[in-house]
Structure formats: C-alpha cells, structure tokens
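Across the two complexes that follow, subunit A remains constant while its partner is subunit B and subsequently subunit C.
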Partner chain A sequence: MNFPAAHLEKLAKLVDSVYNGAVSSEIVQADTKIPVLKINSRDIRKVVELVVHHKDLGFTYLNTISGTHLAETREDESLDLKGFEMFYVFSNSQDFSSLAIKTTLPENNPEIDTIDDFSGSANWFEREIFDLLGVNFKNSQDLRRIMLPPDWEGHPLRKDFKEGSHYNGIPTTRSSELEAIRIE
Partner chain B sequence: MTSATREKELKPRVEITQISGTEIEVNMGPHHPSTHGVIRFILFIDGEIVVRAVPDVGYLHRSIEKIAESMPYSFFMPYTDRVDYVAAINCNLGYALAIEAMGGLEVPERATWLRMIGVELNRIMSHLVGVGALPLDLGAFTPFVHALREREHMMDLLEILTGTRMNNNYIRFGGVCQDVDDEFLKKLEKYLDHFVLFLEEYDRLIGTNKIFIERLKNVGIVSGEKALSYSFSGPNLRASGIGLDLRKVDPYCFYNDMKFDVPVGKGIKGTVGDSFDRYIVRIEEMAECEKILRQILSKIKEGPIQSKVPKKLVLPAGEAYHHTESARGELGYHIISDGKSASPYRIKIRTGSFASMTSLAEIFKGMMVADVIAYFASLDIVAPEVDR
Partner chain C sequence: MSLYHEMPENIFVTSVDQLLGWSRKHSLWWLLFGLACCSIELMHTGGPRADIERFGSAPRGTPRQADLIIIAGTLTYKMASRLKLLYEQMAEPKYVISMGSCSNCGGLFDKAYSVVKGVDQIMPVDVYLPGCPPRPEALLEALVILQKKIQKEKYLRK
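So, the complex of A and B:
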C-alpha cells in the first residue's frame, strides 16, 4: 500500500509546525509510487525522529538507505561532479505504506548524521554507503567497510572511481600476453 | 505447561554469570559448511557461550550495482539471477516490474500468469532449500536429500517453462522469453498433487522429530518489535508474528485476485519468533504457494506473451523504488535514470538476506555455539544476496 499523496502535504505541514520552520522540507512528487519528502541534510535526524516516533506517522520500519553519486559527463568527457544524493525509505509497520526521504550532500567531504539509533539495521545500510560511496556518517557506532577489504582504496560507486592497477600485488587487469594465448 | 516449567525453559541453559571470564577468539568461516556460501563470523567465546560476535561479509561482492551502470537495461537481467540464485525468477520479476513502471510498459495477461507460475515455483524451490539445509546444519543429512529430490522435479518443470534449470533469465521487459503448451500445465498440476503429499510427509518426518524441535524451539527468539527494527522481511518477519506480505499489502501482478493466507509464527513449540517458527512458516508458505499455483492454472488463458518494447530502451529521467516479495523477503530495486542514456544511472538492490544479517551480532550474544548454527540456518540466508 502506498502513502497517499494528500498525506504528504500534511506531513510537510507537520514538519513545519513541529519545528517552526527551523526544518526546511519540500514535497517532491516523484514518478515512483512512493512519495518523497525532500529535506536539508542537516535536518535528517529531526525528520527521521518525527516520522518514526510521531503518533500519527509511525514509520518505524526502515526498508533501505540508498545513495547516489551525482555527476554529469561533459562533452569533452570529463566529469561535472555535483555531490551525493541520499534516499531513505521508511514504512509504516501497520499497513506497510512507504515514504521516502531525500537529501543531497556536497561533493567535497560528504557528511550526514547517522540514524543508527532509530533502527537496528541502519548501521549496516550506512556502512554499505560509506564503503561504496565514501559518505561519512557522523557519530556512527561502527563505521567500517563492509563489502570491500579494509585496505581497499577508493569508493567504487563514485562516478569518478578509477580502479588501481594492482591490489596487494595482484594485477587488476588481464595481462595482454595471457589474453593473446586465450584468443588463439 | 505450567508457568514455572515454561519459565525454566525460557532461561538460557547455562547462566551467563557462571562463565569463567576467559575469552577465546574463534574464527568461523568463511568456508564453513553451515554458512551456505562464504560468510565469516569472529566469535568471542567463553566455554560454549558466545560473548560477542562480529559478522564479516563481502566475500561474494561482485559489485553488481556498479556493473549495471555500464550496460543497457535489458543486459542487466541475467545479473539479477545472480543476486539470489536460489530464487532467480523472483529477482528477475522485481527488476522487470521496476523498469516497466518507470517506462510505462504494458505486460500481456498471459505473460503475467506465466511470470507468477515461475515466481511461485521458484519460491517453493527456495523454501525447500531453506527447510532442507536447516536440518542438514543441525546434523541430519537425510531431509536435505528429500528436499533436493523434490526441487529436482521442479527444476525439470522450470526447464520446460524457462529453458534452464537455474539462473533462468526468464522475464523480459513487457513479457517473458518463451511460451508453454498445455502439456506443461497438465504436468504442473499433476506434480502439485504429488507435492502436497510430499510436504505433509516431510513436515511429519522433520517437524515432529524430538531432536529437531529441541534444537530449534526457544533458540534465537526475535520478537516482532525486534524483527521490525532489524528490517526483517518475508518469512523471517512473519515468523516473528507480523503478517506482512507485500503480495497482500502492495499487490503486483495478479496477486490481488489470488486467495491465500499469510502464515505467521505462533510459537507452537516454544516462543513466537523462535527458530522453529521460522521453519514452520516456510512449510506453511509452501502450501500457500501450491494454492496460488492451482488458482493460476485455473485462470490462465491463451494470448500473447510479449508486448512491443523499443529495442533501445531509454527511460524518462527520474527514479523509482519498487519492491516485491521475494523468497527471502522484500526485494527492492531503487533505479535512477538520467533520461539520456540507455543504461541505468544507478541501481540499488535491497535484499532480504542483507537485512536479516543485521540481527546477528546482537542475537548471537549469550548463545551456545551450536545454537549460533541453528539460528543462522533458520534465517535461510543466501550469501550472494547479502554481498551482491
């Protein structure tokens, strides 16, 4: 079941009334079935607190956290880096209607407050984003790489990621001699 | 059962205060028979009690999400098979539905029925592996062989339906890759007659076995509240007493028209949300899948199986989060399109196994080492789905 779009406006008003305009929020009617609430990244904890704990909302179930590196390839094939986009999906534990919270982070030193005290699973979702995108979660209880080895360099899901030629002395590309044998 | 004996049963078998205080660090995995793939735990144990546990994943990380960014949308379909190879068609479906929602693509009626046949068959196969591997991890080899024998029959059916036994790559945008004849539908119906008998027999063999029950009841109890906090989904969440099934609450395909129940854990042998509940919910769910399959067989009609889809698919700029009920719970695809390129800008895959893994560190605390295996096996985690 999806969160009705009419409720989203109420939610935006609710955010406004609870925080007296201290929290900026904006409704985005994305073409997803899920409505999206766009907020400023510094307000993430306040808004999450509201959607999780408010008696009329109760979005206690964290479906996932997703992150994207925003970059555009210019005509000269260099990249125009534009920062990061965070996408949190929450669901109501009663009827499972969903709601997304979206926020953007700057390209240099992307940082956002952790929400790992709101949900038992948030830490792992955050660790995955830290590992693959290099977003830093402030005050996280345990921020380590999760998919890649601890000595890995770089964050592969960044659009400007370049794989090193060697990892721990092992070449990451096929040697051309081997390739030649294979083709024959 | 009187409340006094019940309380006694709920107590840990060894008091945590009795332990010596010397901690030993034990490495378990990544190649461990019970981890079903490569998952590693670092257990800090005191005698037989786990004091602290650090799960270590990522050994199967193939960066599927990064691979997706370098190819056209349709080329990514075979990769979704590899997200969860035990329930590959489920992963195909989630991806196809997300892309179809974004691109506004039509799906013919028969194609949807065929998709549902594939998905439900695959769900039964996946649960068979789950309930088969569980006793295997506890030391009973025979049930696994019985479960795999049945799965083998279903693979034969899937081979007729999709052309392959595993990693089916069956679903296309706007349809499925091939049609089936009536003979297949008859074969499937005949097989379902056999399957109900097998399921009843299997549950009688394993589910009433004293040793099996004792190993699972009151082990690894996850309350409903905890399960929601750990983002459990699918059978694991339902075993904790929360009857959420995306086929019911956010219906896709023709699940709206299907009559089926959502089994939930009732704590029939111990407490709600214990490992035995996770076993019995899967058994009951297979029976529901069988019901759904029979309804599909009575409703499926002749017709086209593929709608017109542009060869070079460019989706309008925007994003979608689309979730379906896979065999291991909520399978969500978060897809972003930049509106210009024929390949996705970003695909994030949310899987049930990854969410279930988040509970381990806390639930393992205070458990006996043997119970660690029982709890982990009851979650039915598939390692490639965790790492992607």
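So, the complex of A and C:
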C-alpha cells in the first residue's frame, strides 16, 4: 500500500517543526512506492524517534537497515558518490505503508548513532553492516561480527577489500586442477 | 574329486581379503551432514526412489559411528574448522565423497570471500562428484565407485 500523499507532504515540514529547524530533511523520490526521506546522519536518532513515536506517523516496525559502499564514479554527478549510503526502512502496522530514511556517511571512519533502543531487531541489522562494511554504530549494546568468524580481518563488502592469500592456513585460491581418479 | 565338490552346499570358499572387502563395502555408514543446496539431493538419495540404504549405506547421527562423510554443499571458512573436527572424530578407515562443484573447487563461489575453494584443501578426498547439484543417481554412482575402491583394498596387509 502506498504512503498516504497527505502525510508525505507534511512529513518534511513535520520534522522541521518538531525540532524547530534544527534537523534538516527532504523528501526525495516521492513517486516511488516507498518514499525516501533524506537526512543528515547526525540527526538519525531524532528522526527515528519521530517516525516511530509521533502519533500521526507510527512507523513502529523496522523492516531493514541496509548499507552500501559507494566507491565508483557514477554518471549522474549530482549524486553523492564517495562514502556509505544507509537506508532505514520502517513500516506502519496500521495501514501497511512504508518509509525509507536515507543518509550518507563519509568514506573515512564512517560512524552513526545506534537505533537499537527503538527497535530490538535493529541490533542484528547493525551488526551485519558492521561486519560486512565496517560502519561503527556508536553506543550500540552489542556490536560484534554476526556472520563472519570473529578473527576475520577486514570488511568484505567494501570496494577496496583485499583478500589475503590464506585464512587459518587454508589457501584462498585454487591452483591445481582436479586430478581425475580412475577405477578399473 | 576336489575338496570343493565334497563340501556341503552351504559352505563357500573365499580369501579373507575378499570377504573383508565385501563386508566393508556393503556397510559404509555415512555421517548425516549437509551444507547447502546439494544436501537436498543428499536427502533425496536417502529417500525411497534412490534409496541409498539398499547399498548398505545407512545414515548415522554421530561421526564416531560413520565410515563415510559426504561433503554436500558449499564449505565456508567459518565451517571449515568444524568440518575438520567432524572428520577427525571419525574412526579409521574413513572415506570422503566430495559432492557438487562447490565442494570440489568452490564452484560458482569461486570469487567469493567466504568460501573454501575445494574441500581437498583441508582433507583428503576419495571421490569427486561433479554437478550443481548432482542427481541422486550420480551420488549412488559415486558410492559404487567408492565401494569398488574399498573392495580392492588389502585392509589387513597395510
């Protein structure tokens, strides 16, 4: 179901009015099925608190948090190219509409405040992004690797990730062809 | 008249090697262990159509009772140490079938950061079974090839 258009127009203004202009936000991609609200990364906790708790919004269900490392040049130069792009997708359990909050983080030392006290499921999403992209979630309750082994080095979904020649004594490349076995 | 013709019908003569090989190859118990999509085919092989048990090959829940481990699926680095532990817990003599492209050489995860490029990097393999995934018939064929290998072994004369 689509986000109610009336809400959409009000949303950016609402963010503006609640925080008296201290939090800047803009609706980008209002025509897609999930509208995207673009914010500055330092305001993430304020905006999430608003969309979760405000009586007109009530996006209480966190669908996902996703991260992308942008390191390649794109044709459209208006895009913010270097760094990390984060999407927080929330849903409203009353009318099943969704809202995405988008923010970007710098290429060097990316960090953002955790939101795991607003939604318990946020912790695993944040651990995944920390594991694969190396984004640091400040004040997280439990920020450990979630999928890769604890002794893993590096963050493999970064564009500049370099694989070592061995992991725990196991070669990471294969040189020899399979030897055919023959049994008469 | 040889001795052979004087014996009653319910007695037959063979060599110890052959008898041992025959009994060992028809009691190849395998460790119930699967890793990825190939293990779905492994389950089918245990099902009524392919029915791997008619070759005397029964699934076992513990490595201590198993003679054979079928590496069915994608082996990641995180799993590699656990798999090695399972393999080391099995009693000698033990056999390994590498089932599917992933465990043969990494398969379609050849460029992946998390996948071991072939299970023979961490343990010896007796039979490589190609396919993505191999059909249950192919797994049975691999088992028969392994049985032939076991039959030819001189187990007591090592």
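The working rule: the second predicted complex is superposed on the first by the 160 of 184 C-alpha atoms of A that agree within 3 Å, B and C clash if a C-alpha of one lies under 4 Å from a C-alpha of the other, contacts with A are read in each partner's own complex, and residues count from 1 in each chain.
Note that in this section contacts are C-beta pairs under 8 Å (C-beta built on N, C-alpha and C of every residue); 3 or more make two chains touch, one makes a residue touch a chain.
These figures come from a predicted structure and were not determined experimentally.
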item: Partner chain in contact with A:F87 - subunit B first, subunit C second, else both or neither; value: first
item: Which partner reaches more residues of subunit A (counting touched residues only), subunit B or subunit C; value: B
item: Which superposed partner A:R174 touches (first subunit B, second subunit C, both, neither); value: second
item: Subunit B versus subunit C as contact partner of A:L148, first or second or both or neither; value: both
item: Partner chain in contact with A:E163 - subunit B first, subunit C second, else both or neither; value: second
item: On subunit A, the residue positions that both subunit B and subunit C contact, one per complex; value: 147-149, 156
item: Residue numbers on subunit A that touch subunit B, as the complex places them; value: 1-2, 30-34, 60-64, 66-69, 72, 87, 89, 93, 95-96, 98, 100, 119-121, 123-124, 128, 132, 145-149, 156-157
item: Subunit A residues within the subunit C interface of the complex; value: 147-149, 156, 161, 163, 167-168, 170-174, 178, 181, 183
item: Parts of subunit C lying in touch with subunit A, wherever the complex brings them together; value: 77-78, 80-81, 104-106, 110, 113-114, 116-118, 121-122, 126-128, 145, 148-149, 152
item: Complex interface listing, subunit B residues touching subunit A; value: 57-58, 61, 63, 65-66, 101-102, 226, 228-231, 242, 244, 246, 249-250, 316, 318-323, 330, 332, 334, 336, 338, 345-346, 348, 350, 354-355, 357-359, 362, 387-388
